[in-house]
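Several structures are given next for inspection.
Heads up, the next two complexes both have chain A, just with different partners, chain B and then chain C.
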Partner chain A sequence: MTPGKKKLSYSYYPGCSLHASGREYDISTRALFKALNVGLKEVPDWFCCGATPAHNVDELLSLSLCAKNLSLADQVEGDLAVACAACFSRLKTTQHHLKEDATKRKQVEYAIDGPASLNKPVKHILEILAREYGLAKLEESVKKPLMGLKVAAYYGCLLTRPPEVPELDDCEDPSIMEDILRALGAEPVKWSHRMECCGANFTLSRPGVVLKLSNAILESARLAGADCIMVACPLCHGNLDIRQKEIKEAFGAPDSTLFGSIFGSDLPIANTSEDRRDLPIFYITQLAALAMGVASQSLGFESVIIDPKPLLRDKQLL
Partner chain B sequence: MKNKLMHLSNETMNVGFVKKVEALSGSSVRRCFQCGKCSAGCPMSTFMEHPPNRIVRLLQLGQGQRVLAGRSIWYCASCETCTTRCPNKVDLAAIMDALRKLSWDADGPSKESYVQLANRLFIENIRTYGRQYELRLGAIFNMKSGQFLKDLMLGPKLISKGKLKMFHSKNRNIGEIEGIFKRIEEMRKKGEAL
Partner chain C sequence: MSRIGVFVCHCGENISRTVDVERVAKAAGEIPGVAFSCDYKYMCSDPGQSLLKKAVAEHKLDGVLVAACSPRMHEKTFRKATESAGLNPYLCEMANIREHCSWVHEDREKATEKATDIVKLMVERVRKGKSLAPITVPVTKRALVIGGGIAGIQAALDIADAGHRVVLVERDPSIGGHMAQLSETFPTLDCSQCIMTPKMVDVANHPNITLYTYAEIEKVDGYIGNFQVTVKHKARSVDQSKCTGCGVCMTKCPKKKIPNEFDQGHGMRPAIYVPFPQAVPNTPVIDRENCTMFQSGKCGVCAKVCGPGAVDYEQQDSFTVEDVGAIVVATGFKLYTIDRKPDDSPIQGYGEFGYGTIPDVIDGLTFERLASASGPTGGKILRPSDGKEPKQVVFIQCVGSRAREKGISYCSKVCCMYTAKHTMLYHHKVHDGQAYVFFMDARTPGKGYDEFWRRAVEEEEAVYIRGMVSRMYQKGDKIVVMGSDIQVGVQVEIEADLVVLATAVQAQDGADLLAQKLGISYDKYNFYSEAHAKLKPVECATAGIYLAGACQGPKDIPDTVSQASAAAAKVMTLFAKDQLERDPVVAKVNEKYCVGCFACKKVCAYGAIEEKEIRDRQGNLVKKVAYVNPGVCGGCGTCQATCPSKSIELDGYTDEQIMAMIESL
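This part shows the complex of A and B:
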C-alpha cells in the first residue's frame, strides 16, 4: 500500500490483550484511524498468536498459530496492521523463519492444513503513522499540538529486536517513536531505559522480577524529567501502569517492605531518588488521537490505573 | 549443582543433547568465544545462577543436565538482547527456547515450576478458547501454584476498569485450533517433527 491518492486501508489484528487488559489501546487505535480517515477492518475469527509462552516451549506451535492467523488475515484486503508489540513480533518472526526454512514451512503447512501465507506485509501502527501516512501529513493533521508535554518514548524489546526481523527501525538506536512525538508537538526526552525489558509476561509467574525491572524504567524516566511514558505494547503498559503503585510500595521505603523481607537483599536496589511522582503511561495511539482532536472520552482513559487527566489538564490538553 | 566441581569425561559430556539443542534452535553453540556481551546486556542475568554466556559454555562442554537442573532458562524473558548483540551470530534466545522445550518435554527437572505452569495454562487457554482468557489464566495459576492471595487486590480493580472480562466465549472456529494441536502431535509421534 503506497500513500497517495487512494485512501489508506488496512486489515487489523488486535490480539487478545487489546480485547481485554489493553482495551484502551484498541479503542484509541480505532479512534485515531477514524480521525485520520484510514480504513481498519478486523480480521474475522483470529486466534491468539501464542505470544511468548508458545515459542518459549514449542516453536512449531508458535509458528503454526501465527501462520494460521496470517492465512485468516489474507481474507481481508490491505496490509495487516498490528498494534501489540508481541503479536507484531511473532507474526513477523513467523514470516521470517518460514521464508528461510523449507522444512519448518512444510511442517507448519501440514499443521494448519493449508498453504502458509508469507507475503502479506505485516505493519506496526508506528510505521503506518510515520511512513505510510507520513510524518509530514501527520504533523499537518494535528489539531491540538501536545505542547509542553515531556514524553519518555519506551520501545521495550520486541519492536526492534532481533535485527532483520521486525524491520521497524534500528535495533539499538531507533527514533520512530520520537519522530512521531515531535510531529505531534510533544517533547521527547533523552533517557537511558527506552530499550530495556520491563519483565514482560513474568507479571503472572514472577511479579517480583517485573517490579524490579519496571522500577528501573520508571526511575530513569523520572530522572530524565519526563511527565509520562509512551508505549506501544499492552504488556509493557500493564507492567508500568497496573503495577506502578505496587512498585512504589516495594521500592519506596527500602528494608521495611514485605517485598524486601521476602526477596531478601538480592532484589530491591538502593533507591536514592526523592522523586516519586506518578507517571501516566500512554499508548502511542492515545497521544496521537488526542493531538488529532479526538475527544478524551473516546480514548479509554477510564480504563487505566494511573489517571492521566490531571497531567493533561495541567498542560492544558484537556 | 552450582558449586560442585565439574569433571569432564566421556561419562559427563552429553554431546547428543547439545546436537538436539542446535537442531531445535538452528544455531551453533560452537561459534561462541565467550566475550560475554550477552550476559552484559541481559536484564535477567542477576536472577540466574548461570548467566547466558555460561549457559553456552556449559553446552560447549556437553553439560546439558547442569543447564536443565538450574533455573536460568526459566528466567530468560525472551527480550532478544543477547541475539541482537552477539558478534558471532549465536541465536541465544532461540537456544533458550530449545532448552525450555527439552526441559518441558522431559517435564523437569527444572526448579522453576511457576513459569512452566504459567506457560502450560496459557497454551491450554488457546486450545480451549482460541484466545486468552486472562481472568481464568490468573485464577487457575494462583490456585495451582498455591498463592491464593497473589494479586488479590488487583483482580477486582481490573474487572471494574473493564480490563478483565468475567466471561469469555470460544472462537466459533475453535475446531481449527484443535486440528493444529492434533496434527503437530501426530507429526511428533511419527518422528516427522522435533
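This part shows the complex of A and C:
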C-alpha cells in the first residue's frame, strides 16, 4: 500500500480466467480502478497460477508456478492486486506454505531458479476497496448509489478459507462484501448460502454435482428476496450464470425438499417456491464501477448469459 | 580454603541424556576449594540425600552445591538435607542444569560445557555465601475467600468449621454462582438448588464467616500470613442492617421488564431486585442504570413502601481493609458468548452458527434455566422465540472448545456430561421430542460418568452424531443445521426447533486484572496457574494464595468441591503455626555507609524500606538511613542495583558473590 496522500497504485495479476471466460471481470476491474484514480499495472509475462488442477496433481509444481509469478510481480511496484478468488487463494497459500516450510522453499527456489518472493503483499480487490481505498472514501466517491438493489453477496469457498491463509476476513462469517455493498448504496440481503460451494471445477467432470449445489445457492438467494447475486470469482460466476438455465430445467418441478443431502443420496433437490426468476450474477467490480458512474457499455454486461440490463433498468440504474 | 561438595544429578535421563554428568562432576572436582564431587541418578531420592549427608560428614564439607533441576523444584529438599547434616541450610545452593541446560539444548558436547560453566560459577556463589537465619513472621489466622460460587462456599465453610475466621467476598448481589443456576446435576440428576441452597444458608449463618456480597477486591498488600486486602463495597442502595427481606419493594417497583442475568436474560426482574428467590443474603440491590429514580429522579416508590426505611439512594461505594493470613481465589468461569470476533480478542466467533442472531440458538446455561423449576418457564422446555415446545432439539458439543482455529485449544471438560444430561432432561419433559447431539468425542472419565452417558444414548433415545456442524440458518420457524456424520460419511441436515450450544468454559472477565492485584500468574486463556501441575495443584507460586474451582481451569462440581476442600486444608496447615518461617533472602543496609538518599525507597516495589534515625548518646539526630523491613522485603534486589553508595545488599546475592561468579567464567 502506498501511504499518505500519494496515489494508490498496484501491480495486477489478472489470471487466465480474466483473459477468457471471465473477461468482464477484468474489464470492470480496470474500469473501476480508473474511476477511483487508483493505479493498476499488469505484471509483465505472467502465466497460469496452476489453479486447482496443479495442486491436485503436484504440490511442488503448484507452489513453483505461483512462486515464479510472485517473483515476476516483484518487478512491478505496489502491492499485488488479484481479482480471481482462485488465483488469490493459490498465491496466498504459496506464500503461507513457503514461509513455514524451509525445505519446500528450497525446492521451489531451485525449480524457479531464483528467490521466492514471500513478502510481496497479495491483496484481493475486496480488501483494496474496503480497507485501503476505504469504505468511507468509497461511499464518498459513489456517483450513482445502487439504491433499492437487493444483492446476495456470495463468498464461495476460497476467499476466506482456510483459516489464517487469505487473511481477508472472518473465515466462516465474513462481512467485507456486505460492507462494500452498503457503501455503494445497495442493500445486502441476509441469506443462508453465502459460504457454500457452487461445485467449482466439477462443472467439467461431474456437472450434476454443480447443478445441485448451484441450485441450492440460487434458491436460497431467491428465498431471501435478492434481485441478484454478487461474486468475486470467475468460476462461481460461470456456474451460477452460465448454468442457470440448465439448473432451471433440471430442477423445474417444485418439491418439498429444498436442500437435501448432497452426496450419495438420490433425494431430489428442488425449489419450494413457484418463483423461478432469473438472477443476474454480477462481479463486485461491475457493481462498484456502475456506482462510480462508469458507463454500463464498458462493463461487459453483454458477455454474460443472464442479462442484467432489465433488472438495472427496472431499478433505474441504467 | 573452603571445602565444597558438588553433587551432579542425572535426573533419571532428563539431564544425563544431553549432559555428560560424569564429566561435569570430574571437572567440578578440579575446581580449587571443591573437596568432593560425584554424580548420582536421583539426588532428590532418599539414597541421594543420604549420599549428600554422608559426604558432608566424611569430607568435612563447609558448602554444598547440587547441580540438578531448578531451585524452585528442590532447593528446599536439599537445604533440609544439608541442615540435617549439620550445616547451615543457606550454605547449600543449586546449579540449574536441567531447565537452563539439558532441556533446552541438543548438542551434548556444548551442553556439557555449559553445565560445567554453571557449576563453576555456582561454586563461587557457595564459597562466598554466608550462614543465614530464617526470619519468622506472625500469621494472621483469618482467611479471605474471593468468589461465592460452590468453590468459594466450600472453602469458606471448611476453614470456618476448623475454627478460623473467614471473609467471603462475592461480586454479585448473592452468593451461589453458576451452580445455583443449574437445574439438575450429573451423574445423579439431583436438583442443584436442593444441594446448593442449604450450603448458602450455612455460609450466611456461620459465626466464623463474614459475608460481603456486591463487593470486589480493590487492592492487595502484604505477604503470606500478613495480607492487607482493601475490599470495595459497591453501593447497594439498600441498608443491609435495616432490610428484612420482605420483598415489597420488588413487587411495587414500576420498572419490571429488565432481563434477569440469573436467567441468562430470559426472565424479567425489577430495578430493585434479588437475583433469585433463594438468594443469600436476601437483601435487594438497586440496579442504578435501570432505576427510574437514579436516571430521572422521579420515582422513589421503593423508599416509600419500605417499612424499615432501608432504601438509601444516597449510599456510596465504601471500602474496608481486611487483615488476613491466607487467600483462596475461587472466581469461577464464564461461558463463551461471542458471535463475531471482537477486535481486541484472539478468540474467533461463531457467526456461522447464527449465535446471537437466531433467537432459538442458545447456550447450555440458558437451557439449564429453561429446564429449572425456578427458571423463567417454570421448568417447561419452551423455546425463546415463540414460547412453543420444541420437538426437535439439536445439541452441539465443543463449540469454542478444542477448536484451535477459533483460538481455544483446551477441552472444557464439563460439556460431554452436561449435554448428555440435557438430552435426558429434555426426554423426561418432552416425551415425543427428539434430541440430536453433534459430538467429536464423548469424554466421560469420572465415577459413574460413562454409565450416565450410555444411559442417555441407550435408554433415553438421544441420537448421537459424530461430526461437527458447519452452518445454521433460520428457515421459517425452523433452524436448518448443516453438519456431517463422519462415521457414515454423509452430510446431514436437520430442521431443528431449538439448538443448544455447549460453548467453551472461559476465565471470568477481569480474571487477569485480579491476578495482577494478587500478584499471581495466569495462562494465555487467563486461567490462574497452579505452582505445580501435579504436586501443587491448589497452591499459587505466590505464597499464601490458593486456588479453588474453575478459575484455574474448566472443572465440574465434584472436582471443584475437592479442590476447594484441598485449598481449605492448605490454609489450615498454614494457620496451624503461630509464626511463619520465611527465607532470609532479604536486603540489609550497611548503616555506616548509607547516606540516606532513599533512592532505594523510591524503587522498592514492596514498600519494604523505611527511614530510620541514627542518634548519638545525647539524643541528637546524627543522620537518617534506610531500613528494610524483613517481613515485607520480597528479595528482588532492585535496591541493591540502585544504591549509589553500595550500602544495601541482598543476602544470598551479595555483590561479592555475583562478582566472584562472573570472574569464574
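Observations, loosely collected:
One rule holds for everything that comes next: the second predicted complex is superposed on the first by the 299 of 318 C-alpha atoms of A that agree within 3 Å, B and C clash if a C-alpha of one lies under 4 Å from a C-alpha of the other, contacts with A are read in each partner's own complex, and residues count from 1 in each chain.
Just so we're on the same page, a residue touches a chain if its C-beta (ideal position, glycine included) is under 8 Å from a C-beta of that chain, and two chains touch if they have at least 3 such contacts.
Keep in mind it's a predicted model, so treat the numbers as computed, not measured.
In the superposed pair of complexes, A:P163 makes contact with chain B and with chain C alike.
Contacts of A:M147 after superposition on the shared chain: neither chain B nor chain C is touched.
Of the two partner chains placed by the overlay, only chain C lies in contact with A:S192; chain B stays clear of it. In the superposition on chain A, contact is made by A:D173 with chain C only, not with chain B. With both complexes superposed, B is the one of chain B and chain C in contact with more chain A residues.
In the superposed model, A:N201 makes contact with chain B only, not with chain C. In the superposition on chain A, contact of A:D101 is made with chain B only, not with chain C. Under the contact criterion defined above, the residues of chain A that touch both chain B in one complex and chain C in the other are 163, 171-172, 196. Of all residues in chain A, only 163-164, 170-173, 175, 191-192, 195-196, 223, 258-265 touch chain C in the complex they form. Contact residues on chain C toward chain A in their complex (touch as defined above): 339-341, 348-352, 405, 470-471, 473-475, 480, 489-493. Here chain B touches chain A in the complex through residues 24, 26, 43-44, 46-47, 75, 77-81, 83-84, 91, 93-94, 97-98, 100-101, 104, 114-119, 122-123, 125-126, 130-132, 134, 137-138, 141, 150-151, 154, 157-158, 161-165, 171-173, 176-177, 179-181, 183-184, 187, 192-194, going by the rule given at the top. By the touch criterion given at the top, residues 16-17, 19-23, 45-48, 50-61, 64-65, 68, 101, 107, 110-113, 157-158, 161-163, 171-172, 196-197, 199-202, 204-207, 209, 213, 242, 266, 302-305 of chain A touch chain B in their complex.
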